[in-house]
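Given below, in the form of structure tokens, are the structures.
Both complexes below contain chain A, partnered by chain B and then by chain C.
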Partner chain A sequence: MDKVKVEICCGTACYLLGAANMMNIEDQLPAEWRGKVEVEAKTCLELCEKENLGGAPYVRINGSEIMAQATPEKLLTRIGELVEGVA
Partner chain B sequence: MLNGSTFIRRELMIRIVRAFDSGTLESELDRIPIKLRPKNEPSSRCCVYHDRAILKYRLMALLGVSVEEETDEAKPLSAYYAEKAWSHPGETSTPKTPLSVCGPACSGCPDARVVSTQNCRGCFARPCVYNCPKKAIEVVDGHSVIDQKLCIKCGKCITACPYNAIVKTTVPCEEACPVGAIKKNEFGVAAIDFDKCIFCGKCFNACPFAAVMERSQLIDVLAAMKRGEKLVAMVAPAAEKQFPGKIEQLLAACAKAGFSDVMEVALGAEKTTAHETAEFIERMEKNPKTFMTTSCCPAWVNLVWKHLPDLVDHVSLTPSPMVYAREIVKAKDPDAKTVFIGPCVAKRSEARRKDVDYVLSFEELGAILAGRKIDVIACEPWPVPRPANPTARNYSRSCGVTDAVLTEATSKIPGFKLDAKQINGIDRKTCTMVKLHASGKIPVNFLEVMACPGGCQNGPCSLVK
Partner chain C sequence: MADETLDSLGAAGDLFIEMEAAQFTKTGQAACGDDVRFLTVEMENRHLVALSDGLGSGVKANVLATMTTAMAIEFLKSNIPTLEAVEIIMDSLPVCEVRKIGYATFSLFDFRLGGKARISEMGNPGYIHLRGVDEVPPHKEWQIVSEHWPDREVRECEADFRSGDRIIMCSDGVTQSGLGVRKDMKFGWRRSGVLEFARERIAREPDVSARDLSLAIARQALNITPGACKDDISCAVVYLRRPRVMRVLTGPPYYKEHDADYARQALLGPEHVVACGGTTANILERELGVPVKVRLADMKTAGGLPPVGTIDGIGIATEGILTLGRVLSALEQMRPPEKEPAAARAILERMMRHDRIEFVIGTKVNESHQDPNIPQDLELRRSVVKRIAAALEKNYRKKTALNYY
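Moving on, here comes the complex of A and B:
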């Protein structure tokens, strides 16, 4: 069973536009998901330039899925779906 | 906390920096509002055209132009930019009034009232009627009605009602302003009375329509950097934890962004501590019954000057950490220009008085770093000659100044006693509190005042509160 890989963009643009609120996302994971999720703070993923700035903050999930305008709530919901899926 | 207002402000700042750096700002400026609110797409207000009009004013404020001073509505942003970029090279432009109200963005919130809502069950006990000291409440057709002519908005009925049926509507900017400086004008739109305004920035944060705007010096700083001027970044102690990484990494990021040199304002705070302690001891020797109040919070100093004239003599004459930081920079290189970087609106008014050339907020610095693709955590820590001492780095927190002065004084005079009180955040009650301290009713000899609750890191332009 692979872990859900969550990469939070901590480039300064994403940080200013909301990533600062997701820095502690690991602490917000329910106990039963711990160990099934791997969270990493990344330097700029360059999505704010390739995609669009208004879509920041960006999060990359499992290497390919891009979440735009990510919020802690949106991210936790998506992680939940994936964890339930792999569990 | 991030919300729609902070998001759009920061997004526009980053767009400006990117366009400036690619040399396309002048041609892009007038297109930004259209790009962000294309037709046939959802709008935040009544229509995309209203949104675009306000985006234009937001960009004007970011160019440092006062929205109130607009004389020609047809003047494009590119024309404002051209004036800004090519006139008075080398001259500084700290605006006299750092805040500006954008009339078209103001929703003209109805005056504060206490009203009974549909939740009213017209109950038998009627605690609202019984508790109203002005007999302003009647039950008509099974529903409580408040006579607005009699109501004094005391709120007793609000707490008395078990159904939460009575609410108070507010005008958020008026509610937030500690000195009654923001009021609706004859057109029903908020306007700031600059004779009263202390630039605390509370209305700037409070307005849910983001109608209060800060007049930025972002473009001035970018243009000065491009002209090759030596700009020294003076980073306020409140920067701790505002960006990911350590303060030394933030200094390195500033250097990478194009500042010729960087320093912590906390080094200036060390000097403030030494002087303020000496001043305090001297004042107490002259008159042990008097009290002294701190001078480093510019909104507090503005409050005393504009609203508490009897207290002027009690304000410490010691310059603020920013002023000492400027001295340190100028002693090293008299030609260098100084840029204070902090979370404060009122510092812009102090900078103007004290010859600090530019002020950037943490948001504006963040926009420069974002625009230039600099990640603080990816920077090698800046080799500071020596880190500022911990009490100086702690200056931005409530009790920080008291703590620094007490530490300094006890190191000189063992057993030194400080009868200190702190006012942690200025609001309408502050003036009453301060007067009580001044009259001796609450004994105190050292009164620390911070306009923002908790200290500068909760300032109006901080990134993380």
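Moving on, here comes the complex of A and C:
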């Protein structure tokens, strides 16, 4: 299985609206998910200026799925679904 | 270009004089008893340094030293003859109740367009003039003695100061370090020890900055007597050289069709470019075809600002306005870079290493910064950068330039 790729936007708006809390998301992964998830910081995903995407902070998952108003909890849940292959 | 004098600065304007000092305060004292002051008289293209060591130590010595440098630098600037200046300084210093004298040493350096430098010294260790690793003697030297103060002899020297030359001036806390403590240094580190140390350092690192060299000398003086700083230590270094230029690119251009031209401003070499802002980094990535990478480890140790990334072969990338805001407050308050979060520290350290800092500012306003949910006010990039440039010039004697896109 390919790793789940998580890109966290570190642009100003995302950082201030919550991305700061996700900088250590890798440490929050349960041991059994380690090695199955690749976390990356992006200087800016340039999504905040687009309308109707739901609002910062943004995280991009597997290159195309956009999570708006991301929180560590929401992100961990979604990563779990992908790792466990439920969705 | 060893034979280049400041005549060519007048013509080409491409030389920079770096003036820096490092100090350590005698252990147990609340204030340093030495003072160093710099002044650039732009209109005359003159660069002045005054270093003084006040009698005794602590606050009293600090007052004497500070009065001396303050007066000396004003007199130098106003072209008051040395004898007159020295007499006024001597007559005005407060007299120590214990020692019944008012006394502070000084070293003054006055460098003018044309490459002529004049050095006046009283009571301090003799200055060191280095061209590469070779010591350059003054081409003229004389003594001045005041009738009021016959025991205070002033040595005056004239020297040719060329591109690549350095002048080192110290308080005796440097040359006498180790005195009476180290058996191998009966008379302390001495001027000859400082000279040897500086030559070795320059041989190893021929373009070592005035900042690094002054700090290395002061640290070495401190380390000769481990455990405590026995006397106030001050070392000032002046270095004449081609300016080190860095560029800070921040913000997307107002017109998108200018992106390619804007990105080309980043082609200055990896040590000298900072892309400040997520969109800025993306423009460089897109236009120059180089990836921006943020190491995972840097995400966790970012210390309150978004992490620092690297742009292969170009430089570093940071977040924009928060990071610039932090850089601004550090520069305005003259806080040392070491204690700042990683991204601000990376920018500040680069700024300290360069002489001329050019800002390339994209003026497009990021609308998402106006989101009412954002918990703090975000200032406009243009005004923050202007204040950064002003602080660099005022507090750090840097040259700056601002270009808008």
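To be clear about the criterion, the second predicted complex is superposed on the first by the 81 of 87 C-alpha atoms of A that agree within 3 Å, B and C clash if a C-alpha of one lies under 4 Å from a C-alpha of the other, contacts with A are read in each partner's own complex, and residues count from 1 in each chain.
What we mean here is this: a contact is a pair of C-beta atoms (placed from the backbone, for glycine too) under 8 Å apart; a residue touches a chain by one contact, two chains touch by 3 or more.
Computed from a predicted model, the values in this text were never measured in an experiment.
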First (chain B), second (chain C), both or neither touched by A:27: second
Partner chain in contact with A:39 - chain B first, chain C second, else both or neither: second
More chain A residues in contact - chain B or chain C: C
Touching partner for A:10 - first (chain B), second (chain C), both, neither: both
Which superposed partner A:54 touches (first chain B, second chain C, both, neither): first
First, second, both or neither for A:85, with chain B first and chain C second: neither
On chain A, positions contacted by chain B and by chain C: 10-13, 15-17, 20, 23, 41, 43-44, 48, 56
Interfacial residue positions of chain A with respect to chain C in the complex: 8-13, 15-17, 19-20, 23-24, 26-27, 39-44, 46, 48-49, 55-56
Complex contact set, residues of chain B against chain A: 2, 7, 10-11, 14-15, 36, 243-244, 363, 366-367, 369-371, 373-378, 463-464
Contact footprint of chain B on chain A as seen in their complex: 10-13, 15-18, 20-21, 23, 41, 43-44, 48, 53-54, 56
Complex interface listing, chain C residues touching chain A: 277-279, 281-282, 292, 294, 296, 298-300, 302, 306-307, 309, 317, 319-322, 366-369, 371, 373-376, 378
